[in-house]
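Heads up, the next two complexes both have chain A, just with different partners, chain B and then chain C.
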Partner chain A sequence: MKHLTAVLVATVFVLATISARAELVIEITQGMDNPTAIAVVPFAWQGNGTAPEDVAQVIDNDLARSGQFDPVGRGDMLARPSTQQEVFYRDWRAINTEYVLIGRASVTGQVQMRIEYELFDVNRQARVLSGYEEGHVNDARMLAHRVADEVYETLTGIPGAFATRLLYVSVTRNPGGKDFYRLTLSDSDGARPIVLLESREPIMAPSWSPDGKHIAYVSFETSRPAIYRQELATGARVQLTNFRGLNGAPAWSPDGNSMAMVLSKDGNPDIYLMDLRTRELTQLTRHYAIDTEPTWMPDGRSILFTSDRGGRPQIYRYDLRSGATERLTYEGSYNARARVAQDGRNLVMVHQAGGQFHIALQDLVTNRLQILTSTDLDESPSIAPNGSMVLYGTKSGDRGILAAVSVDGGVKFRLPAREGDVREPAWSPYMNR
Partner chain B sequence: MKQLTVAGKVLTLLFAAVFLAACSSKDTKDDSSAADAAAAEAAARSAAERAAMEDAAMAERRLQDAVAAVGNVFYFDYDSSTLKPQAQAALDAHIALLRTNDRSVRLEGHTDERGTREYNMALGERRANTVRDYMVVNGIASYRIETVSYGEEQPIAYGSGEANWSQNRRVELK
Partner chain C sequence: MLLFGKAFTRTLLANGLALAVGPFCVLVQAQDYIDVEAERAAADGRPASAASSQAAQPAQAYPVTSYGIGTAARPEQSASTAPATTVAPAPVAASGNNAGQLVLQVQQLQQEVMRLNGIVEEQAHELRTLKSQSLERYLDIDRRLSLLAGGSVDEASPLATEGATAPGSALAPAASSAPAAQPGAAQPGESAAYQAAYGLVREQKFDQAVSAFQQFLRDYPAGRFTPNAHYWLGELYLVTTPPDVEAARQSFMLLLDLYPADSKVPDALFKLGKIQYTKGNRDRAREFLDRVINEYGSSNSAAVKLAQDFINDNY
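Moving on, here comes the complex of A and B:
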């Protein structure tokens, strides 16, 4: 026991440190055919010294990354207004800009930051949005992401998902020794990475609680896989399982009260449900095949999972009230690890076609299947809370990288790490303010 | 000069000790001539035991050499958890050695990078279980065997392509 404790101390660090090495870099590879031209004018800084963050640049990058906007370069701007009085539409018509976003940032008190913004429609010559965001100066980037969310929703009709966060696993290889595994939390654009857990043993399957305040993951730090729950604000964590065999793929129910998971303690992998208050387990599937990768339908009434009970891995749906199981996927010989958008209609998964593994989307109403990616070894899809983008892991050369694709396949970008491998992205739900 | 004096004293003491020891050994021999036969018998017995132990050690060494020759990694085909004949032969060497001791082993199942991570965790477990079952059938008690799956998380070769993948689809006996 003493020995075990020593090993734990030596190999596991629960950290909250900024790690520049784990930072993701964004490379947009494909945008929409006719993106909206928008000018995000540098925001006026109404405080001492220089602004703590170039708020306009964060917003500009968010909108560009969506693939639906083509932000005007600052060098092309004929004017840099920061108030409505300074906006002259002819300046923007001259450079074919459809929308202009201006704003002002200031610090009130010691640490409170306030960002005011106004959005103008150049063709209609009208202000179409105005508002402000306030928060701690250290959260300047998050305030900027919220402005981007408002602009995005005003212009597309879809809520933005920039003010959200990502979890992912990164690995630094250590040839001849044990690799370093890290569980990292970052902004949705990969900025501000925070290492939550560092270990010499694998870390897998990060997932979010529905309120975005807790996470769950699998860590091999005891030399066996076990499921842990961790509170983001305090770092406090609890080991939820430690069964013989697999302890994997934790998935929070939409109401936050229970967690679906994979256990093989009774001989082979089956889906179980844990009541998070009582820790009581209920076995849901009972089959000699592999049943794994549970995920919830947004209404909380059924769970999708992968099973090879038909010979090859396919997606099945388990109805929690009736206990009935039905097969959902029929196209292709390998469909696995489903995730369902909040609308309950778009199912994304790993789909094998022509020997390669791609991310595919199946419309659960029409059952039409669309392959979204053209890269190989694509895995671990995670859908943005607004349903617009799918983040996934893939390989570039022999390195693991993250990549994103819009649900219509039209927009693509890559997020390689500055070094090492990155994998298993988990896009957060909307964060409570 | 002082050092030489000390060395001289040590030499004198040693001389005295050797002389005393020689006297005492002579005394013992005079008193126990009746035990000679018993001593000879004991010597013969211990020689036989020694020979038997040497044989056993040699046999054990042979088993260990056999195990070292086959290695402790058993490879599998893509998406398969069936034990290949070569892996079976290698495992037989380990089983022969394990029958001579009470050591516990850990079987770590691994897969290549194709397919999803959780499905590969299940596949790695299947592979480790296949090896475990083979060992149990051949007389190794199941409580001596621990199985753990690492799925695709700990590759031997990081690259893609069959040359790398074939090295990663494995069970390691530790």
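Moving on, here comes the complex of A and C:
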């Protein structure tokens, strides 16, 4: 009887979770003081039936998530124009809106979708942006993200990073049995999760190729860690390493031709470089301390890594031409897991302060350190390709969740999964269209 | 073992089970760190139990992505546990004992070298920082000196640059609301004495410069360059060996009290802020720095920027 009850309970949860698997839900926790008021008017649908996606809502959510915009609620809109002729600025001035985005979506051909959009500046009474996006109907959300990117860049001067994707590892605990690991790919807003790999053995350290077409990760599926490379379009994958000991932390070089990684095949963990065309290995660091977590400087000339050669984990830079190693972090007794923004200046890492683990940002020019997060046990920071936000793993209660913070610490949001633990996010580079 | 694609049923069943027994999940959280002991053991070829557990329990030998949380206290931990594990085989045989001792010694040496390495790195960093700070300070003084040395004192002195139009005019500081003492006209010989004291500063003969300025103040207690002399004495007390911070503070305070409208006041305020900061009085320091910004923010005094930078760096 007891057994039967357990099965029933399990079934109930199965039903409840079918639609929601590892999907992430976004909760904005902190925005900017004076966000720009923008109205994203529902886009007119010029096709049969209902629109496959509420494009305007996706754009609205993207802009709100950046923390820099305060989208107007649809209920507050006095009009819902979809063409320039229908835009009357007084309608928008009346509700203190600074910008209005309108648009039209239609289906062209069998499965092609076209989204046209126009952005108006209410104060200047002028159209400041217009354009269109075309693509497969199934990619309607991605088309919407691209519109959001254009709007964001027009209004902030910084390229948007909404039309990008995330990789993350989720773990479903299975007491008494083996845990269940999933490597998931989703849109930058957590929508459309696709499970790329499922395993009863740990999956770790997902990372992106610079063109966003391949990924690499560590999987224990052969019961010991090995680095795999996988093509996203086809799912085809190759096992790159299978050495004795650790095989970990793959990091693609900015030119895509080589990969830095951690191997302990010769005794203890050191940083190695693999030429991806010839599979030739070069050992970069040689130290009895632990060298790990390599990451590239955007210029491809040096690699940052974590080492405890100074007694405590700190970030070091290895110059690929001279072979010189230089310590970069001095503040605090624990700095690890570095990632550098595309500008080559903002270094984010896990930093221990007051017994807690936070994400901190060090300006590599002034060497000034800023702690960005107030959560504890923060791990695995990953920077958006436009350098604006840092995604990281943290704990909420007992569960691992993803959270994001802007590089100035001003904007924060969380992406808790509906179930399981989520960790090790990796933000994709810009996707080539 | 590997489930490509959508093994829905199994996946969801697993989900359901995991959720149903959620509270227990915490106990079995896999950790995201390198098992340093195991690694060290493997590296040393030590047949310790840690090495074998690496294969059996991947969760312990987990790779790599992170130093992970929880290993922060690692050095102490390994320092304290290492002897226990290596000393254990001691009673087995004499040769084993020696080997064990050697391994232990090598490990201890490695730990020690790592610790020393860290100290060297940090001290080298401190030195670089100090060097650049002292260079900055020297350049700061040098810049002020060359300002004064650039031409005749009348034209180049900060006093002259502020409000005076002609060398002979009353060199009252621009803001004249303060009813405090005003430097008088230059007395005969004053300019020469002042220049002489200055020369010593330029030659970096700081100790002699101190005496010269002290003598200057005795000779010309209300001269035209008296505020400047107070200011430079303050500066000089900070660079003599050993620095006399209290004397410096008093010199700057004297300038503030006697000549509150002097053009050197913002610089003196900034220096007072720095002095208080070095004394550990952060709040007091901040008051001075804020005064520089609030009261002289609209002037083109270099002290405003210095104060702002200092606040940015330290607050």
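In this text, the second predicted complex is superposed on the first by the 413 of 433 C-alpha atoms of A that agree within 3 Å, B and C clash if a C-alpha of one lies under 4 Å from a C-alpha of the other, contacts with A are read in each partner's own complex, and residues count from 1 in each chain.
Following the convention adopted for this analysis, a residue touches a chain if its C-beta (ideal position, glycine included) is under 8 Å from a C-beta of that chain, and two chains touch if they have at least 3 such contacts.
Predicted, not measured: the structure shown is a model, and the values here were computed from it.
In the superposition on chain A, the chain among chain B and chain C reaching more residues of chain A is C. When the two structures are aligned on the shared chain, A:R309 is found in touch with chain C, with no touch to chain B. Legend: residue contacts after superposition of the two complexes on their common chain; A:F69 is shown touching neither chain B nor chain C. Once the two complexes are laid over each other on the shared chain, residue contacts for A:G245 go to chain B and to chain C alike.
Applying the stated contact rule after C-alpha superposition, one finds that A:F120 touches neither chain B nor chain C. Look at A:F413: by the touch rule set out above, it reaches neither chain B nor chain C.
By the touch criterion defined above, A:Y392 reaches neither chain B nor chain C. When the shared chain is aligned, no partner comes close enough to touch A:Y272: not chain B, not chain C.
Across the superposed pair, chain B and chain C both touch chain A at residues 173, 179, 202, 204-205, 220, 223-225, 245-246, 248-249, 262, 264, 268-269, 290, 292-293, 306, 308, 313, 334, 336-337, 350, 357, 377, 379-380, 398, 423-424. Residue ranges of chain A in contact with chain B, taken from their complex: 173, 179, 202, 204-205, 220, 223-225, 245-246, 248-249, 262, 264, 268-269, 290, 292-293, 306, 308, 313, 334, 336-337, 350, 357, 377, 379-380, 395, 398, 423-424.
For chain A in complex with chain C, the touching residues are 6, 9-14, 17-18, 21, 171-175, 177, 179-180, 182, 195, 197-202, 204-205, 218, 220-221, 223-225, 235, 245-249, 262, 264, 267-269, 288-290, 292-293, 306, 308-314, 327, 330, 333-334, 336-337, 350, 352, 357, 368, 377, 379-380, 398, 419-421, 423-424. Only residues 1-4, 6-7, 11-22, 24-30, 32, 34, 36, 39-40, 42-43, 54-55, 58-59, 61-69, 71-72, 74-75, 110-111, 114-115, 117-118, 121-122, 125, 313 of chain C touch chain A when the two sit together in their complex.
Of all the residues in chain B, the ones that touch chain A in their complex are 113-119, 121-123, 125-126, 147-151, 153-154, 158-160.
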